[in-house]
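Please read through the structure below; I'll follow up with questions.
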Amino acid sequence: MRKCSLSEINSVFAEISKSMTLYLPVDGSDGSSAFSQWTEGVKWSESLNTTKSPKDFFFPQTEDLMAFKTSGKNIELTDIRKESEDFVVFGVRACDVRSFDILDRVFLSEPCDSYYATRREHSVIISVACSHPSETCFCTSFGISPENPDGDISAWKTDTEVYFSPNTEKGALLMDKLSSVTEECSDEAVVKQKEEISKICSRLPNSKVDTNTFGGGKTAELFDSPLWDKLSEACLGCGTCTFVCPTCQCYDIKDFNTGNGVIRYRCWDSCMYSEFTKMAHGNNRLTQKERFRQRFMHKLVYFPENNDGIFGCVGCGRCLAKCPISMNIVKVMKKFGGEKSEK
Amino acid sequence: MQRIGVFVCWCGSNIAGTVDVKAVAEALKNEPGVVFSTNYQYMCSQAGQDMIKAAIAGHKLGGIVVCSCSPRMHEATFRKTASQAGINPYMVEIANIREQCSWVHKDMATGTEKAIILGKAAVAKVNLNTPLTPGESPVTKRALVIGGGIAGIQTALDIADAGFPVDIVETKPTIGGKMAQLDKTFPTLDCAACILTPKMVEVAQHENIRIFSYSEVSEIKGFVGNFDVTIKRKARYVKEDICTGCGACVEKCPMKKIPNEFNLGMDNRSAVYIPFAQAVPKVATIDPNACNMLKNGRCGICAKVCTAGAIDYTQKDEYIEEKYGAIVAATGFNPISMDKFDEFAYSQSKDVITSLEFERLTNAAGPTAGKLLRPSDGKHPHTIVFVQCVGSRCSACTEKGKEYCSKICCMYTAKHAMLTRDKYPDTEVYVFYIDVRTPGKNFDEFYRRAVEEYGVNYIKGMVGKVTPEGSKLKVQASDLIANKQLHIDADLVVLAAAIEPDKSARPLATMLTASMDTNDFFTEAHPKLRPVESPTAGVFLSGTCQGPKDIPETVSQAGAAASKVIGLLAKDKLTGNPCIAKSDEWMCNGCSSCGKVCAYGAITYEEKEFRLPDRTTKIRRVASVNPAVCQGCGACTVTCPSGAMDLNGFTTTQIMAEVDAICK
Amino acid sequence: MQMKEHKPLIVAFCCNWCSYAGADLAGNNRLNYPAEVKVIRVPCSCRVNPMFVLRAFQRGADGVIICGCHPGDCHYVSGNYYTRRRMAMLFSMLDYLGIEKERTRIEWVSAAEGAKFAATMNDFVETVAKLGENKRLEDLRCK
Amino acid sequence: MQVITREQLIEKAVSLLAANTVSCVLGWSRGEFDYDVSPAVFRSEEEVRRNFVWNDFCGANMSKYLISKASGVDGKILVFLKPCDTYSFNQLLTEHKFDREKVYVVAVPCDGMADFRLIKKVCGEGIISIDSEDAILKVKTLYSDSPISVPLTDVLAERCKNCKSKKHVAYDELLGEDGNVLESGRFDEVKKLEAMTAEERFEFWQNELSRCIRCNACRDVCPACTCEKCVFNNPSSGVENKAAANSFEEKLFHIIRAFHVAGRCTDCGECSRVCPQNIPLHLLNRKFIKDINEFYGEYQAGEEIGLRAPLTDYTTEDIEPCEIFHRRDTDA
Amino acid sequence: MNNKNLREEVLRISGVNPKKCMRCGKCSATCPAYDEMEYHPHQFVYMVESGDISSLLDSESLYRCLSCFACIDRCPRNVEPAKLVEAIRLSKIRKQGANHMTANDVPALLDEDMPQQAIVSAFRKYSK
């Protein structure tokens, strides 16, 4: 384990930036944070989590896939991918780190998504433990330890120090590069913080959210439940939950006519939208209730069914904070009885 | 994608002088959809048109682009060519490479480059063109004239003479309107009745004209060629077909103290009345507010004296529904109320009167049998002050006066002054004016005669105050030329009140969805080029409902409106312009913004049932465009947030394709 | 390359009855204006959707001008009055977003005003040329 | 703390349900925390008593829900409307969006709603409960031993700080006392922006709008956005864009959306409330409202049913677009 | 100040647009003080429009106007001649600080019978 004093953290950032582009959570003018590139003078945000999840690094909201140029009646196809360079994402929380595993299962399984894969290969993730989880957090329900985040390097931030511990080869390599700005230390402070975090986690209002009601094989039981009517009643059909979600991975591929050619791009799509997966015959899901149900059934039933029981939610709580009408996965889970003990 | 042919015209050297037409044709060959591209010296010539026709046949073209002069020149020509070659005429687009390219640019390279871009835009547009067919609707060969004044009478007569049936709806018990109340008419001093009443009789006797007097239009539906109108025939308690107009009832009616509207309340009539001797129809009408029999069942004298048995106290309002192809608004005018002009003491003194009241005072059939006597004491007035522009050209207070010039006052005041001096040379006559406006044939001569021959005192300046004092009216005025304040002891003051559209015009306009200006005059479709048509198709304007005008002008406008109506009714069916708006009912959300901006009232809303993909049904309000009424401006398309409203021939995607092509 | 004067691309929406005819008259009278001006014919200025204006900027236009009949002379009675309100709102909003206000213009050109059409276009091209390329409302994909 | 208590509203709802005046109730439903209130339809007394909530977080504007909820019910639906909601209510009726006869409106006075983002700014993460007493919020968090007291006025939502009206413009029944239309500083921010240079304004909006993730929450919550299909969802409209690919599309979306609601927007502020990226979208709408007021006369959408929106109206004397800039430049 | 500036000043103070006048003379026709005046209300309007302010400034007519506002009430065009009169009076007063009297001159003119209000307004006028 190595550490660096919090006041000197910028020297770590500077060191990383020498060889790779570094991204980290930075406070925006509106008070919320977002991942931005670090340059001299940029401050690491104190916030618990960014509004948009870091999935953008691997699965950007919009991404040009290829271009067609028309000249006269000829069409010329060009690959417009840029050369990928190594980059570091610093300050990723445990939940978001887990989300990469979920995304990997989608994009890296055959046929592998080469756009996604390239970016994953070129990234180093430095996670950071959550010293102050929010009331919206429920990652523990999915077996995630906020005190013990994964990633290539795990980090812990105390009032005075930042501690680092590499988990992977990539992480160890990067740690080596940081030897001049960090020093070897004991894990005493980290152990203490871990205990504190665990204690707080047990007091979180959503700590009792239980996944037992859900999981693979529950489709028949849950699909026609009358509860969906009430739950989806106020849903506006906007895409906020899906767009702030670190694990939502649906996308659409569209062509943009530039006037002298076409750019084929992919962009996030949302199962909440009435146009989602619209096909020649029309829509699969005609009502907002069906669309609403799809999102939660996907995360809590279909995904684990196809992915060794792993849920498609990491409990980051973004949808709890951002839904315009405050309807969210926790409310859905609780309504279906997913709560550990009587409240 | 269409199979498009491109035809680049040289226009001799007009285009070819600054545009390399061959290069343009060559460049456009590569555009998407283009299968044929050529150039020729004169595309509009017979040989050029034949070339287009041959290419359409030979290359199975679905659409053509002609790069030539302005579409305002030859779009119609090439549409006809296309149509002759068997393709829809609206599959033609023109790239204007003459007026907007070769003629305004000097350099060959620049001109050619721009011509190619304009050609590309036209190709991009024609790729999205769809065949359009003009809608057709039948025409009901009957016209409705609303208002039975001289405007309505003349319009009806002209239409009827052309062989089309016409109905006149008049709210009063008789037709004749304001002109029937006038004494003499300027500048010829014909007696109004002498020239009007023969026309009224002609109307009554015309086989093609029906008169609905004492009636109102209560509902109008439909559109040009196909109006459905409901006419309310108010109960007049006299059977119109039986009454002979003998006047026995009028004579015997005990209720004789009812202010006589026809004489503007300056004398009285009975509860059962005939407005004036030459009324058409000449039948009696019972005033339900005055008749004792109708009010409390105590009387019934008129029924007893009527030998024809025409009195019917049980009559009810009757509603008639009729179809019309065209509607003429001829609702006329009224003098504005003088109540707000305290300075002229109109409401304080009976001897301050309006010009229309003066007409009745000097009319042989009027309350004084044509003798000019003061309303207050019946004495002959020796000093008369006429005040012009009372309430006209008044922008200070819209509640009080009108901003516009009422146009007729200068002339009738000159007439009044002249006639007064003619009949009663011992009277002093003063006319206070701001300007004297006499544009019109023999108008200025007429006015000069009043001044020079009849010795009327015209004074530039306004009257500021009229104060009744004893039997006199103290008139305080200014003489601007002499720079004096004048004080005149007058016996009679005559106010040339501004005129305003009749109150019935506003609700009528709403029913017709015809537009009005802020003064409630009907708006014409174009102030210069279509002055007798309303923007609402099938609605025409006659007389003062469109703006102040005198009798000769009214009559000529009435004739013009009639000729427009005849032109419409002569058609068996109406062929519309296919470049009109269309509403996609699946996208329309019924917000009704489009209807608000439609100047023609072409958009209506209905509740429609939709079957949704989930097999449920939903009733929604949606807009629909009447193709016979829409003129194709596109105002609605931009108001519509969802894009449900689009414009044929200029669709959103077509215009955007043009933008894209130009900005490439 | 840097020194070369920027040739602005101007999209002009002209109503069929007045301004397009005015443009034709400019041609008839051989009144020059820059070839950068490209006219799109619409039935009435009220057919111009704000989306068309933005579309033009997106696709690389440097200035957009809308020409219609003089207020009160609209062939369709009131079309240009609506245009006037809509475009006043749109232009004010574009300015509010920091887009150079000189890039948008509305001008009333009658069918008799060929000279005004040419003068307007000359002036507009000159004004827009001074601003240089449209950077604030561009879509890089369309470059 | 709101003048009218939750209990009063519940009693009102229950009595109207019992009297069969209404068959269901549209209102706010309690959430997991004290601030995450959801709109909901209550169909029984029991549901109302259990879940109905009325507190400082009932910001959601119920009017738009009437479009979908009023048509499906037998009998009438009871809706509780705050003053600002009633403007949307009237505007929707103006646009024929639902049947007035199907709705029973109970007007509720409002003291302004709290913005929980602002509370988090003051109190930090981990809020466990929020109690309200005499306009003071007592916030308990995981990380503070004693409750933190926050005056409601400090954490009022922006739209409530600049409340335009405490007056209900539509109702069948009023609880408590009606307020007045207020003089508010709601255009101050707009004026500030107007006073900047074009470059500064461009920077400002570039920064704000670049955060947009095109989730469409602003549109989907907006009571003026009631299209059957939005142009931005319609592939044949030519401007469809699902996700904002670049700054042009962000601007296009927000300009066109603001334009489409111009003259119809009642300034209810829902767009800014729901924006996950805290973009001050109301500043776009207010710009249009301010311009309309200045150029075409004071106009408040929804003030009365049937008003003709300024952009579907005109006068022959309207200001010329070039005059606008001229006037502003000379004023400055 | 030249006549043009004077005219601008009068227009600014009064807020009147004399161009709206169509010379109907109703103001003069209605004016109760007409006979007392050298220049009559309609002439006021015309003279202001043509910039002949100095004659008006020197004319006693200024103080013959009773400010009854009959001219304003009767004017069909909303020209408001009385406001012009008042504006010219004000211009005159404003000039007096420079040309005639200052506040310092006032005490010498005071006498016992002078009403308090007159003294206050004199100071107000002449201290400008």
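In order of appearance the chains are A, B, C, D and E, and numbering begins at 1 in each one.
By definition in this document, a residue touches a chain if its C-beta (ideal position, glycine included) is under 8 Å from a C-beta of that chain, and two chains touch if they have at least 3 such contacts.
This is a predicted model, so every value here is computed, not measured.
Enquirer: Mind listing the chains that sit against chain C and also against chain E?
Expert: Correct list: B.
Enquirer: Give me the fewest steps it takes to get from chain C to chain D if each step has to go to a chain it touches.
Expert: 1
Enquirer: In terms of C-beta pairs in contact, which of A-D and B-E ranks higher?
Expert: A-D
Enquirer: Which chain's centre, taken as the mean of its Cα atoms, is farthest from the centre of chain B?
Expert: Most distant chain from chain B: A.
Enquirer: When the centre of a chain is set as the mean of its C-alpha atoms, what distance in Å lies between chain B and chain C?
Expert: Centre-to-centre distance between chain B and chain C: 35 Å.
Enquirer: So how far apart, in whole Å, are chain A and chain E when each is placed at the average of its C-alpha atoms?
Expert: A distance of 78 Å separates the two centres.
Enquirer: Between chain A and chain B, what distance separates the C-alpha centroids? Give it in angstrom.
Expert: 68
Enquirer: Need the CA-centroid distance for the pair chain B / chain D, whole Å please.
Expert: 45
Enquirer: Could you say which residues in chain D touch two or more other chains, in rising order?
Expert: Residues 231, 238, 245-246, 311-313 of chain D touch two or more partner chains.
Enquirer: Specify, in ascending order, the residues of chain B that touch 2 or more different other chains.
Expert: Counting only residues that touch two or more other chains, chain B contributes 597, 639, 652, 656, 660, 663-664.
Enquirer: By the touch rule stated above, which residues of chain E touch at least two different other chains?
Expert: In chain E, nothing touches at least two other chains.
Enquirer: Throw together a list of every chain pair that touches.
Expert: A-B, A-C, A-D, B-C, B-D, B-E, C-D
Enquirer: Please name which positions on chain A make contact with chain C in the complex.
Expert: Chain A residues touching chain C: 64, 256, 258-260, 263.
Enquirer: Write out the stretch or stretches of chain C touching chain B in their complex.
Expert: These residues of chain C touch chain B: 9, 11, 16, 20-21, 23-28, 30-33, 35, 38-44, 46-52, 55-56, 59-61, 72-73, 75-79, 82, 86, 118, 142.
Enquirer: Could you list, by residue number, the parts of chain B that touch chain E in their complex?
Expert: Those residues of chain B that touch chain E are 343, 389, 393-397, 401, 434-435, 460-465, 476-480, 483, 485-486.
Enquirer: Can you list the residues on chain C that touch chain D in the complex?
Expert: Interface residues on chain C, with respect to chain D: 50-51, 54-55, 58, 71-72, 78, 81-82, 84-101, 104-106, 136-141.
Enquirer: If we count contacts the way the header does, which residues on chain A are in touch with chain B in the complex?
Expert: Those in contact with chain B are residues 70-73, 257, 259-260, 282-283, 286-287.
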